[in-house]
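In what follows, subunit A forms one complex with subunit B and a second complex with subunit C.
Up next is the complex of A and B:
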């Protein structure tokens, strides 16, 4: 699986070129700062730095861009934890438990947990990439619309677990989100729900809508509060608590491993990537956790699951890009553009002829992940000070930054207007106990669900079952999904019986 | 004699549900008006019907018995608190809709001044100073890293 001659070649490349190392730190810092700003996506951060790479050699250029990729991947979790704003779609699940932890005064631990999970997730994804680059790329080529649809349905299962105490409201929020996610022109060319507004042809702008639903709605609801954390003594910024969070993440190796595996596999599927992997990992962890009921209220396991999956998606996306030359998302498309700028064509021939460069990239990403731990510790320490800012300053400032971010993403007033509409909707939903997270998941997956369902319908000629039986990978995904649901039901029943037994034993001991 | 407490109406929740149901019905009708072919209705029609069924299931929660406490976010806040929320929403609308017309600089500064006042900053010199510094820093800081130029009037 590993060619040792190429490994030595990679070490020689990295050892002989000091530039390859010099760009690591600036790349990480640029990524962290950009990623932490609401509305600035990983792709935007990399696109911003792309012109600078024209004057670098090929390997340092790609290392610089992947360092930005790694830094921005974690940077998005900082506003997700501190303000409930998912800087990117891959940080949505981080807000579910990270923000409640911050509101409870556990912001230091939450950031430490997010950092450690990201670092380990990133390390594991590149470790898996080292061994699995060939088999993963082989599998990706066999995935069709039915398999993508199966993955999206798996993501939708999260709706049930996000519903909270009002199941019907949770499901309504989710289905409403799915419908909103299908607004615009579908893949068959039919235009619906645009109300004559041209920019809705491409669908509702997702990131501004997400920022509005999750963050702005929360901020509006906080107007009658003085600080993000009510208890003054909990507002302290503590480096030791951040490190404590790092240690806490290490005590859940199974969650990190599961998240990383989900991240690599889902990240490798073009067009799906980290925006779904974090939701899937969160959903699976909640399903399997004995304290699954406390997810959404500030359970550290939720943060670990989300962050390990979204950071490991980078490795999966790199596998597809390096092995097949297919960009899975915006970030890998920028990397392919950087390849082209250096007159190099990505894909099977690249990997066959330049294994030493591929291994050098993988090894430099190990270094990036380790360096991220130290740079990230300093970064989150500084960022934590946001909890000390009085809300009367924080609310208007963050709303303006979010509005600027929404404009920057769309390039027109479509972004800010979407942000406003969904802020009001989100505020009303929170007020009447509708889980906004379910609406966000629906919004993210609606287009994907419909697109792949349509393609499956067109390919199968309407015979879904007959076509499905010919697709072993789709059957495998559906089987895994069913298996996961059955395991959840069994473990729930076992837990209930155990609780009943304990209650009976307590009653018997009290009676005697 | 009926001893059950009387039902009441949570008006805000009713309004939210009317908006959701209204959007779903309008979207379904618009989709059907676009085309009745399966490639158009495959997901939207069943999902819309499911949404309407779910909305019907939510409906009883809007008319709780008087003793129920979970449907009462209104009771925890005063009318003044709610007015501040609506003022902030109105100010945000002003920002979103006026950015391109009056320029990001003026719109941002005006929003900051109004929003800070709504959020409780009573010292006018702090309000004006913070709003001005924040606007300038944001326009030049954020503006330098985004690919789209922000339309400006003064700066």
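Up next is the complex of A and C:
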């Protein structure tokens, strides 16, 4: 729980050091710009800034890095909405509804919604962190392979909603994605499907493959179109519509709350993080929404669900890092490296002895989230001019930037080659109406599913049920999942009955 | 008062600057007429943030000072360092590319299990300051108190404990040695494989697996959540309690050391560019013995001990020989 002496200590720390505030703005801007460039990940943006922090004091250094973290977390959503390219793997679900919204001419609203959901998600995650840091850290390490497998299965439920008109094709694409996700050396040391290519030993490079499947394939399909938005009058850049989007996001507090909760919990689990949380939140929201059928065609709720979950994963990952001193992903690993550069070792003793610093970090992140709202408004206003660029200029430039990004993230030709191979694959899948997004979800979850199923088998000695009964958290996750599925069927049936009844009533009134 | 202090500081800084310049001058002069006259690349065959990356980045300023040229760190992670090692050997042996890697176990593993295109003799280790070791540990809340408990339970029923470790690792070899010495059927033990040391350690600390065998240095941040049971070394390391390997396996025990990390060069350089070669070896020695370097690295829990090329290469060769004996185990067959 909160200790008030430390809280005052935190305010004193933040109040006495102007440097702690000076780096907020540059950090956010660096994060936004890098995050918005396809292929530049949050981790890369932070690694790029890491050497500069060596010359700062500890608190300003960490605040600077977390500002980049926050900025880049939202930056990735901008290309996801405007061009259907997830700048990072955590913005995959944002493309599902954000991009269709942009193509319908609602790019202003979509960006406003994404911004507001990110800001609130980030705020909520740090608020939860303030209260939950101790209990979360107690649970996180106890999560074993079965629990992780349950989370991965939950993510796979999304396949059903992505399938579109042909369920069988959706499942086929999903299974194909899972198979692609298991390429390389598995957790027991066996190598599959690498065709003798050494760089496939670590699996298919995820981000280039994802960019190829989702974006390049879409762009190739747009070649005969002149503009991203066909209707000329909709191509306006309107500040008031962006603000309207912000307000629209505020009218769905339940979706934001659910997204933030999923984001914090999933973000806190080492090795899972924001690339899974946005998918889970999207799928849960879609399943519980009365207008679930319109998801994927530009439903603002989809954007809210995805964005509130991916930005709130930051708080979860920070909880694990601060409480246990272990990195949940690349970004927190960089933060721990910055800790080490200042001769500070994270972990339980750090929290116990430096509560004021921990609270100062949390409060500074509140300020970051609020500042992000204003910086972000300016940023998306400028960025949305993309819709006015004729596609004959936009498509080649985006493909070139994506190629550079793919090179940057892999550091070798493996990135661009993966991008191109998957662009062709993605185009072919769209051409024969297989849902590309299902393959992406499979690719992201494949390794997680396989590795943890294998470990569950190893740890239980083959006795899955006996072992499962000893794992209360796994049972809880499975129960929640089943509950959510049952609720969906019930509410669907109720809605169908209601429409039938209304139709009967209408018919009756017409007859009389 | 303020102005006085700051003036003194300015003077101090100036004096420091002059001293720095005086120190720096000879190396700059030397740089102009021979090796090195341009920046040198350091290949780290792992991603940013790991031990080798941290070691390379922390050591670079001191090596830079000794060489008189800036160093550029290049991370070439992937495929258990195979990609980075291959890339390093593909670069010309002119001394402008050097290597910072976990020579053991990754070089022998690349060669024994991954069909690498190189041999151990292609690498020349100048110094391997970091000598990691396998630590067998359990969660601090576990009812297992000592290594004798572990052995007794596994002897009675090999399937009674789950064991977390990485496949194809020194830790796996050490576990098999422990099993062999105590007549434990390793096939029947529930071995749980993890993709990296981090996840395996988390599983130990959280009690997800009953015991785990992982590199001991990485356990330090989790010290409060684990109970160390057995250190695979003949001397106490990092203050861990619990047994030492010779107390369990007898005098002069057979075991594999963990990661041996440090600095490497192209072995071919000894013939092709002997002068460049000795310049680099000397520079690494100077930097390793620099008191400022030792203090800076110690603060970041990184090693700087100077073993020298002869001992480093011998240690690596010894590890490779032991690992070769366990090739079937490492290949996972």
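One rule holds in what follows: the second predicted complex is superposed on the first by the 512 of 512 C-alpha atoms of A that agree within 3 Å, B and C clash if a C-alpha of one lies under 4 Å from a C-alpha of the other, contacts with A are read in each partner's own complex, and residues count from 1 in each chain.
Here, a contact is a pair of C-beta atoms (placed from the backbone, for glycine too) under 8 Å apart; a residue touches a chain by one contact, two chains touch by 3 or more.
This one's a predicted model, so the numbers in the text were calculated from it and none came from an experiment.
K.L.:
Quick check on the superposed pair: does A:188 touch subunit B, subunit C, both, or neither? Answer first, second, both or neither.
P.N.:
It touches subunit B and subunit C both.
K.L.:
Tell me which partner A:401 touches in the superposition: subunit B (first), subunit C (second), both or neither.
P.N.:
A:401 sits against subunit B, while subunit C stays out of touch.
K.L.:
Once chain A of both complexes is superposed, is A:461 in touch with subunit B (first), subunit C (second), both, or neither?
P.N.:
The second partner, subunit C, only.
K.L.:
Contacts for A:420 in the overlay, against subunit B (first) and subunit C (second): which applies, first, second, both or neither?
P.N.:
A:420 sits against subunit B, while subunit C stays out of touch.
K.L.:
Applying the document's definition of touch, where does A:17 land relative to subunit B and subunit C: first, second, both, or neither?
P.N.:
A:17 sits against neither subunit B nor subunit C.
K.L.:
When the two structures are overlaid on chain A, which partner does A:411 contact: first (subunit B), second (subunit C), both, or neither?
P.N.:
A:411 contacts both subunit B and subunit C.
K.L.:
Which one hits more subunit A residues, subunit B or subunit C?
P.N.:
When the residues of subunit A touched by each partner are counted, B comes out ahead.
K.L.:
Pick one for A:324: touches subunit B only (first), subunit C only (second), both, or neither.
P.N.:
second
K.L.:
Please write out, lowest number first, the residues of subunit A touched by both subunit B and subunit C across the two complexes.
P.N.:
Residues 47, 188, 190, 411-412, 454, 458 of subunit A touch both subunit B and subunit C.
K.L.:
Which of the residues in subunit A come into contact with subunit C in the complex?
P.N.:
So the residues of subunit A touching subunit C come out as 43, 47, 140-145, 185, 187-190, 198-199, 201-202, 270-271, 324-327, 330, 333-334, 336-337, 340-341, 343, 345-349, 411-412, 451, 454-455, 458-461.
K.L.:
State the interface residues of subunit B toward subunit A in the complex, per the touch definition above.
P.N.:
My answer: residues 10, 12-13, 15-16, 19-20, 23-24, 26-27, 30-31, 34-35, 37-40, 42-44, 47-48, 50-51, 54-55, 57-58, 61, 70-71, 73, 77, 81, 84-85, 88-89, 92-93, 95-97, 99-100, 104, 108, 111-112, 115-116, 118-121, 130, 134, 138, 142, 145-148, 150.
K.L.:
Would you tell me which residues of subunit A are touching subunit B in their complex?
P.N.:
34, 37, 40, 44, 47-48, 166, 168-169, 171-172, 175-176, 178-179, 182-183, 186, 188, 190-193, 216, 220-221, 223-224, 391-393, 395-397, 399-401, 403-404, 407-408, 411-413, 416-417, 419-420, 423-425, 427-429, 431-434, 446, 449-450, 453-454, 457-458, 462
K.L.:
Residues of subunit C touching subunit A in their complex?
P.N.:
Within the complex, subunit C touches subunit A at residues 48-49, 54, 75-76, 78-80, 82-83, 86, 114, 159, 162, 167-168, 190-195, 198-199, 201-203, 205-209, 220-222, 224-225, 299-301, 332.
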